[in-house]
Amino acid sequence: MHMADALVSPAVGGVMWAVSAGAVAYSSARLRKDTDERRVPLMGVMGAFLFAAQMINFSIPGTGSSGHLGGGLLLAILLGPHAALLAITGVLIVQALFFADGGLLALGCNIFNMGVIPAFLVYPLVYKKLAGQRPAGTRLSFAVIVSAVVTLQLGPFAVVLETLFSGLSALPFTTFLLLMQPVHLAIGLVEGVVTAAIVSFVYLARPELMHAGLQSALPVAYPLRNLVVGFLCAAILTGGVVSLVASNNPDGLEWAITRVAGTAELKAPDNRLHSWLAGLQETVSFLPDYAFKHPAVAEAQAPASRAAETAGTSLAGLVGVMITLLLLMLGGALLKRVRATA
Amino acid sequence: MSHHIVAADRLSFSYPDGTAALRSVSFCIHHGESVALIGANGAGKSTLLQQLNGCLTPSSGEVRIGDFPVTPRTLQEVRRTVGMVFQDPDDQLFMPTVFDDIAFGPLNRGVAPGDIEAQVAAALQAVGVGHLAGKPPYRLSCGEKKRVAIATVLAMDPAILVMDEPTAGLDPFSRREVIKLLKNFSHTRIITSHDLDMVAEVCDRVIVMHGGEIRADGTAEEIFADTELLAGCRLEPPFSMQACVVCGRRGVTAC
Amino acid sequence: MLDFRQLDQLAVRDTRIHRLDARAKVLVVLIFIVTVVSFGRYELSAMVPFFLFPVAVVVLADLPAGFVARKVALVIPFAAAIGIFNPLFDREIQLYLGPFAVSGGWLSCASIVLRATLTVTAAVILVAVTGFTAVCEALERLGMPHPLAVQLLFMHRYLFVLADAAARASRARELRACGTRGMGMGPFASMAGHLLLKSWERAERIHMAMLARGFQGTFHLQRGSGFGLPELSFLVSWTALFMILRFTNIPLSIGHAVTAFFNAGRLMP
């Protein structure tokens, strides 16, 4: 699930770097206030453990393929979200530097997909809710499996979105989505089962690690401010993407208007909205055949290299839908948080 | 000022799961003594060592280091005085380079960065690993790691050196180097070991433990001559004091 | 894993590049990567001159070229696997190479592979001339949070120990596996659980060792080196070169000049 440098545009990479850097800085600040000194060696060693464990492959029954442990969720359960994020970030940095797993530009995306999502989204919102105060037995396993599946749906979806917004791959959005999500459903189940087994193992051997491990030193709930920051980042992302797309719009819109109204000029103000909507509809109707670079749109723009860099207008509708979904998710979480504190 | 006496008074300790590791242990070790703690695995040697620098707190009884009883409030002072070398040097060498590891203690003590170099150099010199200063720990051999671990503790200038199995896992040459080192120290030395030949060379006094209790406390000669006591504690006399392994005759070094 | 140690070993050599302050090297590599990645998706020829940087560093820092090339070569199949979809979906012909029509998809695929090669080479070179710990410390001085820097150093320190432990456990299982291919999920979970607990216990012992040497919460990583004129000139000159290469296309210019020359030649009687 590592994103590669090659698929990330500087804009997307930059934004994700900012988001991840912000999350890491936030976690670092929280950890600094933590007085549990065990944390320092524990985080380091657990990071090394994750790295080592990822090098061991196991075979998945039924299929012929092999898999390896993701581990983000496992670390979040044992160390708490902030320590887990730093540990995962450490592993990803080393993988990017030494093993060319991903890349340095895509690092921001990877930290977000594989660190922030399990530690800040899935762990508090899914795992904690399902596992309750003193997780044990089947309830624990269930919580872990569900959390793993959710993590491994959100992560790959984020990958698809990041690739989409970057515009460097000619893979159509729907195809990519259909490739990623079902496969990762299976991977998520496997990860969930394996993580649940490890967690149960640890629980049997040293139950005090489960309940009084590092996490009790820091409260799990994250403040409203964090969600607002997340919202702002999404807004920046939205703005960046929309402006990127909007820079094409005049041309594409003109083209659409020409097609619809038969003239490039807009007749009257009250027709403008109509034309614009009609134009939008035209573009949306191209969705099934959609590709990043719509040949017709490319013609309207010159030179070919510029067309290649910016996304086609038929992207706009889809982008709008995806962004709305993202905002809805965050908005929902925000609302939940507000109600919880009320 | 009681010249850095290490004393235990009816010290008892049980682990959280109920295992009684130490039962009413009492002894008194004076400044400059070289004492060995021997016993079978599980006799309580490592547990006792960890009481000496406050890593574990007694369930009952007391440990005194010099003037201080070992309590949470006196931990900093105790750790200044008692330098502990762990069994696994990998646990003790956690900084990026050997230099950093040796400087770790003094830096924590507040030694000025300008004076650090000198202290580190002195510690490196004392154990003979000056050439390893810039190396990362994972590239050291076992013997080198053990010596560097000792250096990290020496740099803090302790009065009492506590060492858990200093010669375990070493090849004969490295072992000989460590023995030479130990014989040259003037600190109070408290050593646990299964290497009874090393103990015979380095230590004057031996304390035998079994089942969390002290079974015997005397000079090395006395203890090693008492084969019944040793057998009762799952031990044997040092190989150099046993019969020749080839021909079975006692007191023969080559046959 | 062996690569790790080899890279670290390369980092302790003594050349002018090695002696530069780590921050200069980290900055130059970051600028390099950002510049390379900022190229448009169909750009190919303009990126080629960027190989000048890794080649120059390999030469000046006396690095084993074969070793670096091998590390980088490992990456290429992965990049190709990602880019290979492009030719399937982007079929619009962008240019003609003699009689061959090259679609946009192939161009962007090649661009992806080239990009990946350049960025990975840069990263490998950075670690080979700086060393992992120095890179971490440089990053911290450039603004990375302290807890993260400490995390990286600790993790790096115990990586080898734990990787060895994992390898031993894996091998032990293999020896008793009697030819059954692959490890099932059950044995893996158990093995990982053991490894985890042993690691946790090791961490507790390390913690005790730290306390025994007076640790009270802060790490002191002292490094001398300053950022002086050599570093500044290194930074400025490479950045300037990258900017020039980014906004001009030297191979294209050379190509034009050469073809124009031949055309002119043909025109002459």
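Order as written gives the chain letters A, B and C; numbering starts at 1 within each chain.
The definition used in the following text is that contacts are C-beta pairs under 8 Å (C-beta built on N, C-alpha and C of every residue); 3 or more make two chains touch, one makes a residue touch a chain.
Predicted, not measured: the structure shown is a model, and the values here were computed from it.
Enquirer: Per-chain Cα mean versus the mean over all protein Cα atoms: which chain has them closest together?
Expert: Ranked by how close its C-alpha centre lies to the overall one, first comes C.
Enquirer: Between which chains do we find the greatest number of C-beta pairs in contact?
Expert: A-C
Enquirer: Taking each chain's centre as the mean of its CA atoms, which one is farthest from the centre of chain C?
Expert: B
Enquirer: Need the CA-centroid distance for the pair chain B / chain C, whole Å please.
Expert: That pair's centroid distance is 45 Å.
Enquirer: So how far apart, in whole Å, are chain A and chain C when each is placed at the average of its C-alpha atoms?
Expert: Spacing between the chain centres: roughly 23 Å.
Enquirer: If you average the CA atoms of chain A and of chain B, how many Å lie between those two points?
Expert: Once rounded, the distance between the two centres reads 52 Å.
Enquirer: Where in chain C do residues touch at least two different other chains?
Expert: Within chain C, the residues that touch at least two other chains are 153-154, 156-158, 161, 202, 206, 210-211, 215-216.
Enquirer: Residues of chain A that touch two or more other chains: which are they?
Expert: 41
Enquirer: Can you tell me which residues of chain B touch two or more of the remaining chains?
Expert: 94
Enquirer: In their complex, what parts of chain C are in touch with chain B?
Expert: 5, 8, 12, 133, 153-154, 156-158, 160-161, 202, 205-206, 208-216, 220-222
Enquirer: State the interface residues of chain A toward chain C in the complex, per the touch definition above.
Expert: On the chain A side, the touching residues are 4-10, 13, 24-25, 27-29, 31-32, 35, 37-38, 40-49, 51-53, 55-61, 66, 69, 86-87, 89-91, 93-94, 96-98, 100, 103-105, 167-172, 175, 190, 193-194, 197-198, 201-202, 205-206, 209, 291-293, 295, 298, 304-306, 308-309.
Enquirer: If we count contacts the way the header does, which residues on chain B are in touch with chain C in the complex?
Expert: Within the complex, chain B touches chain C at residues 50, 53, 55, 76, 79-80, 83-84, 86, 88, 90-92, 94-97, 100, 103-105, 107-109, 113, 116, 134, 136-139, 152-153, 156.
Enquirer: Per the contact definition, I'd like the list of chain C residues that touch chain A in the complex.
Expert: Interface residues on chain C, with respect to chain A: 3-4, 7, 30, 33-34, 37-38, 40-43, 71-72, 74-75, 78-79, 82-83, 85-90, 92, 94, 104-105, 108, 112-113, 115-116, 119-120, 123-124, 126-127, 132, 135, 145-148, 150-159, 161-163, 165-166, 170, 181-197, 199-200, 202-204, 206-207, 210-211, 215-217, 219.
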